Amino acid sequence: MSLARFLDLADFSAEEVRDLLALAERLQHHPEPQALAGRILGLVFLNPSLRTLASMQAGMARLGGTSFVITPGQGTWALETRLGVRMDGGAAEHIREGLPVLASYCDALGIRAFAEGKDLAADLAETNFRAMAALVDKPLINLESAVNHPCQALADWKTLDDERVPERAKFVLSWVPHPRALPLAVPAAALHMAALRGHEVVVLRPEGFALPAPIMERARAAARASGGSVSETDDRAAALAGAQVVYAKEWGATDPYGDAARDAELRARFGDWQVRESTFARSAPDCRLMHCLPVRRNVAVADEVLDGPRSVVLREAHNRLVVQMAVLYRLLK
Amino acid sequence: MSLARFLDLADFSAEEVRDLLALAERLQHHPEPQALAGRILGLVFLNPSLRTLASMQAGMARLGGTSFVITPGQGTWALETRLGVRMDGGAAEHIREGLPVLASYCDALGIRAFAEGKDLAADLAETNFRAMAALVDKPLINLESAVNHPCQALADWKTLDDERVPERAKFVLSWVPHPRALPLAVPAAALHMAALRGHEVVVLRPEGFALPAPIMERARAAARASGGSVSETDDRAAALAGAQVVYAKEWGATDPYGDAARDAELRARFGDWQVRESTFARSAPDCRLMHCLPVRRNVAVADEVLDGPRSVVLREAHNRLVVQMAVLYRLLK
Amino acid sequence: MSLARFLDLADFSAEEVRDLLALAERLQHHPEPQALAGRILGLVFLNPSLRTLASMQAGMARLGGTSFVITPGQGTWALETRLGVRMDGGAAEHIREGLPVLASYCDALGIRAFAEGKDLAADLAETNFRAMAALVDKPLINLESAVNHPCQALADWKTLDDERVPERAKFVLSWVPHPRALPLAVPAAALHMAALRGHEVVVLRPEGFALPAPIMERARAAARASGGSVSETDDRAAALAGAQVVYAKEWGATDPYGDAARDAELRARFGDWQVRESTFARSAPDCRLMHCLPVRRNVAVADEVLDGPRSVVLREAHNRLVVQMAVLYRLLK
């Protein structure tokens, strides 16, 4: 299997994902430091990054390739993404020129572009990312789009493998507090990944934060294919009972979506959804805590959990490097 | 021919330019991925960049070398360029230390420093860039200075070659609208390049935007050497009649230079100088549209032109990589 | 001698420093362009940098390795360094996740984190840097911490060697003016280095700017081991008489420490401590001027000195590259 694009884990069957992870394992234990010699990866970050920024550069270097980073608005012109507009504002360059040009300088391009968080239909349709992807005629990697983060999902899958979490285990995707609304990309990707891996997946979220129906439905379809299940609840005790994994994640209110005032009002009620040791005490003593990072300590998850033995967040982050090397290898070798 | 510096296309005869472009072609079709192994390019960006930033890094990588980027004021100390000042303001470092130090870490240095846009004589004399160049005892590349952009000019020449535009063809450098005054670097460089290539060059600009006499004279001297011609006009219909290339470019008012209020007043009158399909309809149906990018869509040039078959802007941008690899090769091999 | 960490020159005997400098010399004259092939250096800059940023990348490249740069708050999440806080402010990521994650992507990590400049005891104890270092299980380099800058000190030592400054020569660390308080890192490191090299060291500083007792004591201990001496004075004429080196450096008031208003009041009195040619005229005609850069021209040191023959500041800066290659070699080979 060689790849032309890595945009969405849902483009792959569970078997194809396992095949990619087997390559990741192979490269981890049998390095190929010259595999991508002479190959160049361009990285476009329309939003901040730490893991993706560092691990993509490190991954290319470990395979003998190189990369360059473009951060529009920081040393580079701000990019306009809307079509047909009269560009008399702050953005000096349009993606219609910027992205094909960058693609023409490299062998593969990665793009990070968060959700605008205003128009749910547009975000669910990946309108922005799709418009950008259509401009790139090179291998392309989704470094996080409006409602997707396939590199994170792949790293999380490998982490579940590393932790020997059985495929039928109960996996709870739990909404956790945050000072402000965050995108749906990671919750959507983690939910789909867990469903595709075959878990008994429970989406645990308070009133007003239900994941949009298309995201739930997509996960249910993956679960049907893999023999898993997907349900949702706002009952923390029920959700956590017997859980083997809690995947903590912050996201914005969805009912309605993109209303900052309503979001703030809602989230003010649920500060006690922070994950603490007591969250696990009774019903899930051996449960692992996953989080994609960055995490707001003592807001989303308590120090005691992050610093304790159930946290596998550092392994997840390290696995970003490991799995992305496999993606780069498939795209560029 | 090996090079010590690449600061100005006018340092080269037309024949030497063609020789450099032949090298670019050779490297394009017969890559030398280890030619610059172990060589380091330092890149200093006092102003924003996309193409230059990405293509210089990619070009070094394609030749087996590496590069580092310094962006004063962003992670690096702001640089003072004035001589003799008491440095009690915002800038912590003077170019008199900063540039020799950076040069001492690499094998070649590239510097981008836009015009200050206040004192025409100083900008025309390249006072600022010359002061910086004098501090660097390594091969040096002009990544755009007050009134020059030789990498862009070289890429544009190659684009005209690629498009098989005859040397005697009519080449119109057309002023186009922009929200604010931009530097004279690209218009001056494109004008000189077209004259040196032997074109019938027409500078088309409204009242108040005439290119300064030394820039016109320099182009005329190049035209004399190459058998071309240089004229100027504010008559759009006459200029466009029979044109085979329109090179659209934004620049600030020159009469007077550096007066923002007067510039705004003048440019408010000429918003209809935007390049549209109708610009070409009658008199120049097969005319190509060139632009150095970034371009303000629907301000400087309409979507219909940029997205249509006459636009060669993406080829120009890609040629930045191609020709700069030849420059790097000559400087560092 | 292989190294696990390069955090403090005081971790080394004078003999070990000389051994490291011999390696630097060797690599300078007998390059090993593949020595660190496949090795990756991560660089985390919590504060601005020019020399460190460029020379660390260049040094890795010269040895065949690669590096990536992380600048929290600029394209990367701002980092929280305090333990136990509720992260509901501006910082999205805690060092407890960020640093181990970055370390897991590379083979060695460099960290720059200036003093907070409020709590002298905390700064002297390197509370912040130590907390970060404890999170990194890879070879680690101090790129400047609250009261240390071992890479600078090592480069300065080599500069004294290059200049053939005898070990018993008089070395004056002279406070110089600056618009605002700067950290104690370089004065502390330079003082200790000069003492360890065996100099007759004089700390020349006005009232209110005495270096804290632990910094003085540490230097005195080094001097005792090396046969040098350390004294302090506010008498410029006495200090400069017979000096062979003046190491000019800006730092904040220490009596009290971290009081901006008091600092401003004190420094307003001592603007004439700027180093000028007249500083040397009578008593130290052949004296060299050292400075770690960046330097405020005509505030800290006059143009006439920086541009004259006694200045060795560019050599110091170049030696950053030279000595750091030895450090990287020892850490990563």
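As written, the chains take the letters A, B and C, and residue 1 is the first residue of each chain.
Just so we're on the same page, a residue touches a chain if its C-beta (ideal position, glycine included) is under 8 Å from a C-beta of that chain, and two chains touch if they have at least 3 such contacts.
Computed from a prediction, not measured in an experiment: that's the story for all the values here.
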C-alpha-based rotation, chain A on chain B, 0 to 180 degrees, nearest 5:
120
Shared numbers divided by all numbers used: is that above or below half for chain B and chain C, i.e. same or different?
different
What whole-number Å value describes the gap between the mean CA coordinates of chain B and chain C?
40
What positions in chain C touch 2 or more of the other chains?
66, 74
Which stretch or stretches of chain B touch chain A in the complex?
31, 33, 45, 48-51, 53-55, 57-58, 61-62, 64, 66, 69, 71, 74, 179, 293-299, 303, 306-307, 313-314, 317-318, 321
Where on chain C is chain A touching in the complex?
37-38, 40, 42, 66, 68, 70, 72, 74-77, 80, 83-88, 92-94, 96-98, 100-102, 104-106
